[in-house]
Amino acid sequence: MEGLSPEEWTAVRLSLKVAFVAMTASLVPGVAIAFLLERGRFWGRQALDVLVHLPLVLPPVVVGWFLLIGFGRRGPIGAFLDEHFGIVFSFRWTGAALACAIMGFPLLVRAIRLSIAAVDRRLEDAAGTLGAHPVWVFGVVTLPLILPGIIAGMVLSFAKAMGEFGATITFVSSIPGETQTIPSAIYAYTQVPGGEGGAMRLTLVSIVISIGALWLSEWLARRVRRKVHA
Amino acid sequence: MEGLSPEEWTAVRLSLKVAFVAMTASLVPGVAIAFLLERGRFWGRQALDVLVHLPLVLPPVVVGWFLLIGFGRRGPIGAFLDEHFGIVFSFRWTGAALACAIMGFPLLVRAIRLSIAAVDRRLEDAAGTLGAHPVWVFGVVTLPLILPGIIAGMVLSFAKAMGEFGATITFVSSIPGETQTIPSAIYAYTQVPGGEGGAMRLTLVSIVISIGALWLSEWLARRVRRKVHA
Amino acid sequence: QTGDALVFAAASLKNALDEASGAWTRDTGKRAVVSYAASNALAKQIEAGAPADLFFSADLEWMDFVASKGLIKPESRISLLGNSLVLIAPKGSAMQVDLKPGLDLAPVLGGSRLAMGHADAVPAGKYGKAALEHLGAWAGVKDRIAQTENVRAALLLVSRGEAPLGIVYKTDAVSDPNVTIVATFPEGSHPPIVYPVALTKDSSKPQAASFLDYLSSDKAKPFFEKQGFTVLSKARPGS
Amino acid sequence: MILDVDIRHRQGGFALDACFQSDGRLTALFGPSGSGKTTIVNAVSGLVRPDHGRIAVQGRVLVDTKNDIVVPKHKRRIGYVFQEGRLFPHLDVRYNLLFGRWFTPRGERKASFDHVVDLLGIAHLLDRRPSTLSGGEKQRVAIGRALLADPHLLLMDEPLASLDEARKAEIYPYIERLRDEGGVPIVLVSHSVAEIARLATSVVVLSEGQVIASGPAAEVLRHTGFFAQSGLTEAGALIEARVSRHDEAYDLTVLQARAGTLSVPSLLHPVGTSLRVCLRARDIILSLKAPEGMSALNVLPGLISSIDIGEGASVDVQLDCGGDPVVARVTRKSVEELGLRPGVAVHAIIKSIAFDPEALGVTGGENM
Amino acid sequence: MILDVDIRHRQGGFALDACFQSDGRLTALFGPSGSGKTTIVNAVSGLVRPDHGRIAVQGRVLVDTKNDIVVPKHKRRIGYVFQEGRLFPHLDVRYNLLFGRWFTPRGERKASFDHVVDLLGIAHLLDRRPSTLSGGEKQRVAIGRALLADPHLLLMDEPLASLDEARKAEIYPYIERLRDEGGVPIVLVSHSVAEIARLATSVVVLSEGQVIASGPAAEVLRHTGFFAQSGLTEAGALIEARVSRHDEAYDLTVLQARAGTLSVPSLLHPVGTSLRVCLRARDIILSLKAPEGMSALNVLPGLISSIDIGEGASVDVQLDCGGDPVVARVTRKSVEELGLRPGVAVHAIIKSIAFDPEALGVTGGENM
């Protein structure tokens, strides 16, 4: 098997960037929404829960289609963001990151929710009696205790972003150097007779990256676990 | 919006069947592998971990393609299973269930792993001193304690199966009444002029089903949690 | 269902085939079950032993692929439908483009993108690339195209106003009220757009052959033409 | 009033209906398992929101359900030593100890880290994680954590139950100092009457969610009947005494009370220090004549003021020894044989050795 | 030999090096916090695998690192009452209690559910989840769970620390019966010398991971020095006595020991029952003459056999009272003033009231 072409390298670099940004950007909202869903008792909680799960339930193409309608240049949210903040998603790598973040969001949120549910609330109470405001309690007690869940959620989000294709290509199409991630490149290979070699090459790259990411996450998780349980 | 056509009903029923079977069938291996990955210290653990995550990392089409190569009638595993056990996946709804199960597997395993990591091992020790063999300890202590994670994993697996498209259509095509699930039907609608109505209709059905599934899971989780924490 | 003909057809044929097979069932009482997916996926599935009786591809390439593996009955192969390629813009666009050699689309696009199917993967994309190359415009827009997973997505991009121009089939363009056809690519600018259909090698069901006959008959013609396809083959005597 | 509690609360089948005031600087909550001690302490700390009622600490209203006042727990400045530790597993011992300090206004950080660590004997544990500590070590860290938050009220739920006597003996004087000098009022849940007798200035006795007795320690403890159900014989009189001299030859310290002089094993307190002395009813022998040739060094003459005949073999004889109330618990048989009755002059005999460290506490002078 | 432990184990900076044998039916582990008690108990139960050494229970080798024998914990049939409860949160109290029973061979299910539930006073809790229990209630359920597994050895790690005296007084006799009748040897970790004095037949004293004393309870306890570091005055002599009659008029029971007769608050044991009586050194007054006109009912004449002068004010005077060893703890001053020295005849005076239930335990007759 030959090495990667410069175009493929571009796709690999872009995929890494997109996956990393998608993962990072969804972290804070992910934790916040996980917290709301797990602990909150508010009107519309159920609706929020469904909304978070939708990207999982709907075919990716449909998600991409909704994104296009909502976040496209002419979409209500897209137009608003463009006008007021100069944020443009359509045909940009940021759009790919948005699509990946949204597709990975249910996975991230679930992992964090599970960890939040496992937190011993008596410890949070104890922190409260020691004078910690609930925000601090969250920061210095809850957050460190749910780190394993956050790490797991990040792994899932990153992995999903590495493999996401349907929503991304529908939303921002496949522009080499801008939105053509590894999956889009693989897709192109699978669409031509005899393209298996190229597809396999990129698939292997994906696998290698995921090995690296998993290894990193396990290492982090071990460190965290040692901190908590040793 | 009109009601669903008989064909669409067939797709809905099939999707439910496929998602349910995929979820149910992956439960036991999911728990076993989650346990191995979380607790085991064996050679090849890392490789198993990567393997479990692959369906997430790779574009669904590639997974479908691997399935076609491996589990197709002419594929090594497919041929073997057909010959010795009479199990046929290719172009059957069982194949759709297999594809969905595999695509949802990393999600299921992660959720269960997180729960296993949160189990207080001192309780398992206590059960051991009371005479329970490790297998029993797993059954009567660990398993009930990880139920929330199992439920979360099942939700994810089911939801993923409801939305899975790329791997399924690549592996078993989209044969009405046999392998045409809701997402494949939606896809077909999006490929022709005037199909938006049909696509929206089925999308709504998907959303309704996921609301039902989420509601059910929350109800179960509440019961379990009440059992454990009340 | 075992007696029913199983048709593997490109997804873009859904509307026409649904109507045609419905009419056929009404006429004859026999049934055809159609699995719609991308042509390449269907071709690979046939390679992997899919129980399909009929393969209706959206381009020649994948039919040739299947044929080269000896998986179809060559004598049954017909190039049934044709389509043409058009340049579209969002409705109300005042854009004027003359599709003749020496074309330069870059200034027309401004800072924006030309939407079309994936130039190496999607049939419409491949035809579009060939046409633009033929007109000498490819080099100028190569870096400005937004390649989509299928031609419908390219249509959607233009229809939503994300892209000011797009290249799609005429069949798609006419059906969408939000786009206008700016120009039609000349016939000779790209390889002929052909939808071939053939019986698979393993097909033994008489219904399959009769459905193929029906599709190539005059009776089926209106269903295809209604969707904007041109029916290429001479009508055969009805079944 | 330091502590003013009047709450009603339901928890499953358990109903708490507790009303008591205490102006003691150390209020002991005493009662059998499941009587609602932890529930009260939780309500004071803000972990449980009582269904109805009012809680005020040093005049500050923390809860008043009528007026919809519920001060959030992090604003109460209450140090809580939990019955089950609750150390933060992700922080090492040092940061567990310092946790409350982060949230204490700089000017109010009075407790000295080094001193508390020393006192609790946990200096060698500072870099360890809670999961590697033994049961008693965990409990000590939990005490330190609450102390170092410089609370305005300290709640201790059986803090010393898992500690050995030597460690307790080291911690008691510190708690006394906190109580007397630091101005930090303390609520102590304890099963040990000896502990209560030594430390408490007020006692609240609970039973099945109800307060069955409350008041100054000296008074509540004198009525050994409250503790009868506990099978205890630790109750007795609390009297005040002053260190009058140290007898270094015999390692004894001589105390002066109104009742007379008491020799006890030597104390480190300087001459003049006020002490509270617990004269346990079970340790006192009554004699009609002044004894001779006996090893017991302390003989307090007094008059019988009353005799409480209870059930069983024992009888509490209340004496007035020069103004100090003294209770002796003797058998009914002795009462009859010796002809004890109110007005009879007797001698109360107490061994010096009976005054173990648990029976002697320092007092601020007006703690009883 | 019931228990034969010889292990070395490292845990972080803590090194355990414990070697002791015990053929006592109830072996008490005593030592300050962090001295390694829980670690030993964990090693016996199989939760900790010692680095080196050997553990045998009633002749059955559970661990022998030299021969690579490590019996898995579920095969040891050891009932363990943990220091921290460890109830199963997903099971209600009833199923927590019955947990061990599922894994006990049918023929060996001897403990009666109703009886244990009654004894521990947890009948009203059976349908509750552990998270709704109070601290003491949890501990009682944990005790019940271990008992109902019908273990071959019972390990109890400070099981009674969070229980009130009344409850303890109810549980003590049961533990005694287990020890004497059930044939279930017990290892009890306790900080309370009173508890040990009442229950233990053998005592192992630990300090910083080392065994500093071990042997029959009567012997170890007589040397109050081991407990000096614990600031304790509960130690004393254990003697055997027999119920000789009940004096119903005064609610007293008269016991006959070799040392003489003892009147104690009435007991329910029938005449003839063997008892172990703890004569706490701190409760005994020595008198040169037989006392008169005094409320103390018990006077045991004896000869001073030796005098252990320790540090501080107190001195342990060892007596021989008709063959029973008795220890009195008095001040050095009294020793000098009364001219006490070996060979002198004295009277040991003890109040009846001093014999609270903790000081009196039933014995199988050869438990000391």
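The first chain written gets the first letter, and so on, giving A, B, C, D and E; residue counts start at 1 in each chain.
Everything below uses one rule, namely that a residue touches a chain if its C-beta (ideal position, glycine included) is under 8 Å from a C-beta of that chain, and two chains touch if they have at least 3 such contacts.
Keep in mind the model is a prediction, meaning the values are calculated, not measured.
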- prompt: Expressed in steps between touching chains, what is the minimal separation of chain A and chain E?
  reply: 2
Message: Taking touch as defined above, what minimum step count separates chain A and chain D?
response: 1
Field: Fraction-based call for chain E against chain D, same above half, different below
entry: same
Field: Reference chain A; chain at largest CA-centroid distance
entry: E
- request: Would you kindly tell me how far, in whole Å, the mean C-alpha position of chain C lies from that of chain B?
  value: 34
Task: Could you tell me the distance, in whole angstrom, between the mean C-alpha positions of chain C and chain D?
output: 90
Chain A-chain B separation of Cα centroids, rounded to whole Å: 20
Query: Which whole number of Å gives the spacing of the CA centres of chain D and chain E?
result: 26
Task: Mark out which residues of chain E touch at least two other chains, giving numbers and ranges.
output: 84, 132
Field: Junction residues of chain C, two or more chains touched
entry: none
Task: Enumerate the residues of chain B that touch no fewer than two other chains.
output: 61, 65, 187, 190
Field: Touching pairs - complete list by chain label
entry: A-B, A-C, A-D, B-C, B-E, D-E
Query: Across the complex, what residues on chain E touch chain D?
result: 11-13, 31-34, 37-38, 83-84, 124, 128, 132, 134-137, 139-140, 157-158, 161-169, 191, 193, 229-233, 247, 249-252, 263, 265-266, 282-283, 285-289, 291-297, 312-314, 328-336, 338, 340, 349, 351-354, 356-357
- prompt: Which chain E residues qualify as touching chain B in the complex?
  reply: 45-47, 72-80, 82, 84, 86, 88-90, 99-100, 102-104, 129, 131-132, 145-146, 149
- prompt: In the complex formed with chain B, which residues of chain A make contact?
  reply: 46, 49-50, 53-62, 65, 106-107, 110-111, 113-115, 117-118, 148-149, 152, 155-156, 159-160, 162-166, 182-183, 186-187, 190, 199, 203, 206-207, 209-211, 214-215, 218, 225
Query: If you look only at chain A, which of its residues touch chain D in the complex?
result: 122-123, 125-134, 136-137, 140-141, 144-145, 227-230
- prompt: Can you list the chain C residues touching chain A in their complex?
  reply: 38, 40, 43, 61-62, 64-65, 113, 115, 118, 120-122, 145-149, 153-154, 156-157, 160-162
